[in-house]
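One chain, subunit A, links the two complexes that follow: it is found with subunit B in the first and with subunit C in the second.
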Partner chain A sequence: MMFKLGALIMHPASKYVLLALALLFPAMAANEYQIYVMATAFIWAIAVYGFNVITGYCGQLNLAHGGFFAIGAYAVALLTADYGWNFWPAFIGALVVTGVLGLLVGAVSLRLKEHYFAIFTLCVGFIIYLLLDKWEELTHGALGVRNIAAPDGFGLVNFRETIPVYYLILFFLVFIIWFTSRIQKSLLGRTFIAIRNGDDLAQSLGINLMRNKILAFVVSTVYAGLAGALYAGMIRFVGPEDGNILHTFNMIMYMLVGGIGTLFGPLLGTVGIVWITQSLQFLEEYRMIIFGPLLVILVIFFPLGIAGSFLTWMHRKAQALGLGSKKPQKESKVKTTAGREAENNA
Partner chain B sequence: MLKVEHLTKMFGGLAAVNDVSVEFGANQINAIIGPNGAGKSTFFNLISGVHQPTSGRILLEGKDVTTMRCDHVAKLGVGRTFQTTNLFETATVLDNLIVGYRLRTNSGLWDVLINSKRLQAEEKAAREKAREALDFVGLTYAENRYIADCTQEERKRVAFALALATQPKIVLLDEPAAGVNPEETEGLADLMKKMVKHGLTVCLIEHKMDMIMGIADKIMVLDHGEKIAEGTPEEVKNNPVVIEAYLGSDHDAAA
Partner chain C sequence: MTIFLQQVFNGLTLGSIYGLVALGLTLVYGILHIPNFAHGALYMVGAFISYFFMVDIGAHYWVAMAGAAVVVAVLGVVCERLVFHPLRNAPPIHDKIAAIGILLFLEALVHMVWGSDFRRMASPFGGVVNLDGVFLREQGILIIASTVVLVVALNLFLRKTMVGATIIAMAQNREGAFLVGIDANRVAMMTFAISGALAAIAATLYAPLNLVYPAMGHLVIMKAFVIIILGGMGSIPGAIVGGMIIGFAEAFGGYYISTAYKDVIAFALLVVILSIRPQGLFAKGAH
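Coming up: the complex of A and B.
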C-alpha cells in the first residue's frame, strides 16, 4: 500500500502535478502574505539548489554560500539604485559578478580539502558580511540600499505586485530544477559525485579534480547570485544582515532536511521548513526549542533527508519485490556460469 | 610495460621508497609484497601520480610519466583500486560505474545545457562500458543493487569493474583480497587471471601469500622502502633475505 503510494509519487507525471499546484497556489492562498512567503521560500530554494551542487553533489561544504547570495542581491541593488541601471541588465550583471567572484574564491579555497575548506569558506563568508557592513562608500554600510528597481514588466505585467513576481520567481525555480536535473543525470553530475566519494578514487579515474571542483563551485555561486538578484528585485531593500552567516546555516538545514544530493530535497526542505517556521511564528525565538530536537532526530534516523530516505526505501522495496531486476538476474546467472566454465576449460 | 628506475620518495627525512628499480612485463601478474610500512602503497601512489617522486624515473610503455599528474596518468591507461573503495552507497552498482569512462569523454557544462548530440553519444558509450566491465567481473546480476546492499566481495568486484571501465592497459590493485574469505579470494584470483588473458597487465599488493604464490609471474619484495628481492614465486620463497625480513633473523637460529 505504502509502496503503491510511493510509486505514484515517483511517477513522472507527478512533477507536473507539483507544477500545477505551484501555478494555482496564488488562487488557493488565503491572503497576499502567504503568496509572499511562498515566493521567498522559492528564492531560498534556488539558492539551496546551488548549495546542493557544490555540497550535495561535489561534496565540498562551502560556508560562504550565503555570502554569494548577498553579493547577488547587492549587485542588483547597487547597480540599479546607485548607477541607474534597469533591473534586467543589473540581473545579468549580478550573475556575472557572482560567477567571477566564485571563480576567484573557488580557485583559492578549493586548494584546501574537507574541513579546512569549510573553515576557510566560513571566513570568506564572514569577510563578505564585514565588507557589506563596513565598506560604506560602496555598500552604504549598515543603512543598506533602498530604491532598488523592480524587475521591468511587459504589457500589463507589473512585477511590483506580489502575484506577478511570484510567477517570475517560480519560472526561475523551475528552470533551475530542470537544469540541475540535467546536470545530475549527465556525466558531469556523475563526475561531481565521484569527487564527493573521494578525491583519491576520482583522480585515479582520470578526473581533473581542480577543474571540476571549480566548475561546481561557480555553478553554485551563480545559482546563489540568481537567488540574491531575485530577492533584491522582490524585497527592494537589502542590508548587511542579508549576508549574515546564519543564512548559510539555514540553507544547510533546508538541504539536510529535504535530502542532500537529491533533486527534490532542496525544494522539499526549503518550502517545508519555511512554512513550519511561519506557523511557529507565535513562539518567536522559542521555536528553536522545537526545531533543535527535530533536526537532531532527523539527522539520526533519516541521515539522507526526506527525499533521500524515500528514494532509498522505494528502491529497496522495488528490489525486494523483484521489479525490473528479475530479467537481468536470470541472464547474468547463465552468463557467469558460462564464463566460469569457459575459464575452467581454458 | 612499466619500467621504474632508481625511484626514491622522501617524506621529510624518511625514505618511504628508496632507490627502487624494477621492470614489470606486459600481460603478466606482478606482485609487490613486504611487511607493513615497507612502502608498497607509496610505490603505487608514485606510479599513478598521486605523489611526485623525489628522484628517479617511471616509464610507461617507454613514455616518461614521472612528473605527470594523476588524471593524465589514468588517461594513459593506468587503472587502480584502493584498499578501501568509497562508493556512492545509495546508488546502484551500474550508476557507480558509469563515471569510469568519463576520462575518455569531453562533454562539459554547455553540452549539459543544450543536451548536445556529443553528450548523448558519450553517455551511451559510458553506460555500455560500465555494463561490459560489470559483465567482465561477473556482477551483471547486481546491476540494480545499491552498493550499501553488496557484500564485501561484491564491492571488491565493483572496484575492479570501476578500474576496468577506464579502459586501462595496466591495473594497480592495492590489497584486492583483503577482508574476503578464502573461497572468494580464489574467485578474485581467477578474475585477475582473466584480466591478463584479456591483454591487461596486473600489478598487485597483497598479504595473502598462498594466493600470490599461486598466480604471480613475478614478485618484488620491499622492506623499509628498499627492494630486497625480485623474481618468480619459487625464487622469492627460498630467498634468505626475504625470510629474514618476514620472520626476523631469529628464524635461522631456531631452525
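Coming up: the complex of A and C.
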C-alpha cells in the first residue's frame, strides 16, 4: 500500500500536479502575505539548487554560496539604483558578474580539497560580507541600497505587485529545476557525481577534475546570482546582512532536510523549512535552538534527507517485491530509476 | 619608534589570543581530522560563563576563568560524544555540517539566555604600564604571560606524560596508536576537553579588552582557521607561529593601512597564500 503510494509520487505526472499546485497557490492562499512568503521560499530554493550542484552533486562544500547570492542582489541593486539601468539588463549583468567572480574564485579555491576548500570558501564568504559592509563608496556600507528598480513588465504586468512577481519567480524556479534535471541526467551530471564519490577514481576514468569542478562551481554561483537578482527585484532593498554567513548555513539546512544530491530535495527542504519557520514566528531568532540540533540529528541518522530516504526506501521495497512477484515489469522501471539515485547517493 | 613598539605589543597580545584559540582547533584537527566550526561558539560560551561567574555569582576573575574552562571542557566532551563520535565513519562533509549545527545551537542558546547586548567584563588588571612612552595594558601583559605559561604547560603535558603521549601518538598515526592499545575514545574526549578549556581561557583573557556578545566568536574562529591553514593543520608550533603572523599583520595593518579593513587583512593574506601555495605555508607534503 505504502509502496503504491510511493510509486504514485514517483510517477512522472506528479511533477505536473506539483506545478499545478504552485500555479494555483495564489488563489488558495489566505492572504497576500502567504504568497509573499512562498515567493521568498522559491527564491531561496533557486539558490539552494545552485548549492546542490556544487555540494550535492559535486561534493564540494562551498561556504561562500550565500556571498554569491548577495553579490547577485547587490549587482542588480547598484546597477539600477546608482547607474540607472533597467531591471532586465541589470539582471543579465548580475548573472555575468556572479559567473565571472565564480570562475575566478573557483579557479583559486578548487585547487584545495575537502576541509581546505570549505575553510577557504568560508573566508571568501566573509570577505564578501566585510566588503559589502565597509566599501562604502561602492556598496553604501551599512545603510544598504534603496530605490532598486522593480522588474520591468513592459506595460503588460506590474511586477511591483505580489502576485505577478510570484509568477515571475515561479517561472525561474521551474526553469532552474528543469535545467538542473537536464544536468543531472546528462554525462556532465554523472561526471559531477563521480567526482563526489572519489577524486582519484574519477580522475582515473579520464575526468578532468579541475575543469568539471570549476564548471559546477560557476553553475552554482550563477544560480545564486539569479536568486539574488530576483531577491533584489522583489524586496527592492539590500543590505550587508544579506551577505551574512547565516544565509549559507540556512541553505545547508534546506538542502540537507530535503535531500542532498537529489532533484526535488532542495525544493522540498526549502519550502518545508521556510513554512515551519513561519509557524514558529514566536521563536524568531531563537529558532536555531531547534534547527541546530535538527541539523546534527539529520546528518547522524538521516543523511539522505526526505527525498533521499524516500528514494532509498522505494528502492529496497522495489527489490523486495521484485524478488517475490512474477511480473516485475512495472516495478522494475521504478527500481531502475529509484535505485540509480539511491545508489548514487550512497 | 614608540608607535612601532606599541604595535609590536598589540600584535603580541592579539597573536597570543589567536594562537590559543588556534591551538585548540589544531589539536582537534590533528587527532580527529574534523574542522570544528563550533570552536568559535565554544570560545563565545566560555566568555559568557566567565561573565556569569563574575557578575552573577561574584567570583574572582581567576576563579571565573577556571570555572569557564571546566564548563567548556565538559561541553566539548559532550559534543564529541553526542555528535562527532557517531559521525566518525561518515563522509567528511557530515562532520562539517554537524559542527555548523552545534554552532547555530550554542549561539541561539546564549542569545536566548543572555540576549544580544554587548556586555563589558571587568578585570582586576585594568591598569596601564607606561614604559618610556609605550603604553602596555596590564591585561595585555597578562594575556602574553598566560599564553606562554599555557603553551609551555601543554607542551610538557604532551611530551612528558603518558596521557599526553597517547594524544601525540594518535595524531601521528591512527592505526599505529590502535595497534599499541591506545583507547581512541579517551584520546578524543581528552582532546576536546583541552581544546574547549583553551578556548574558554582565551575568551576570558580577551573579553576585558573586547566585549562579550553572542557573535563574538565569528571573527575569531575564522581567523583561527586561517592560522591553522597557514601553520599546517594539526601542527602545534604552526598554530602559535600562525597566530603571531596574523596578530602582527592585524596590528600593523590596522595602524599603517586602514582600521576599517583590518579584519579583511587576515583573510586576504590567506587567499593570497593559498593561491600561491595550496598546501599552506609550513605544511609538509600534499593534502
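Keep in mind that, in the parts below, the second predicted complex is superposed on the first by the 316 of 346 C-alpha atoms of A that agree within 3 Å, B and C clash if a C-alpha of one lies under 4 Å from a C-alpha of the other, contacts with A are read in each partner's own complex, and residues count from 1 in each chain.
Just so it is clear, contacts are C-beta pairs under 8 Å (C-beta built on N, C-alpha and C of every residue); 3 or more make two chains touch, one makes a residue touch a chain.
A quick note: this is a predicted structure, and the numbers were derived from the prediction, not measured.
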Which superposed partner A:Phe126 touches (first subunit B, second subunit C, both, neither): second
Partner chain(s) touched by A:Gln319 [first = subunit B, second = subunit C, both, neither]: first
Which of subunit B and subunit C A:Ile289 touches, first, second, both or neither: second
Contacts of A:Leu187 with subunit B and subunit C, given as first, second, both or neither: first
Interface residues, subunit A side, partner subunit B - complex: 179, 182-183, 186-188, 190-191, 193-194, 196-198, 200-201, 203-209, 215, 219, 304, 308, 311-312, 315-316, 319, 324-325, 328-329, 331-333, 335-336, 339-340, 343, 346
Subunit C-touching residues of subunit A, taken from the complex the two chains share: 55, 59, 61, 108-109, 111-116, 118-120, 122-124, 126-127, 130-131, 134, 245, 249, 252, 256, 285-289, 291-296, 299-300, 303
Residues of subunit C touching subunit A in the complex: 29, 33, 35, 37, 82-83, 86-87, 90-94, 96-98, 100-109, 111-112, 116, 218, 222, 225-226, 229, 233, 260-261, 263-264, 267-268, 270-271, 274-275, 278, 280, 287
Subunit B residues touching subunit A - in the complex, by the definition given at the top: 48, 50, 70-72, 74-75, 79-80, 82, 85-88, 90-92, 95, 98-100, 102-103, 105, 107-109, 111-113, 115, 119, 122-123, 126, 135, 138-141, 143-146, 149, 162-163, 166, 190, 193-194, 197
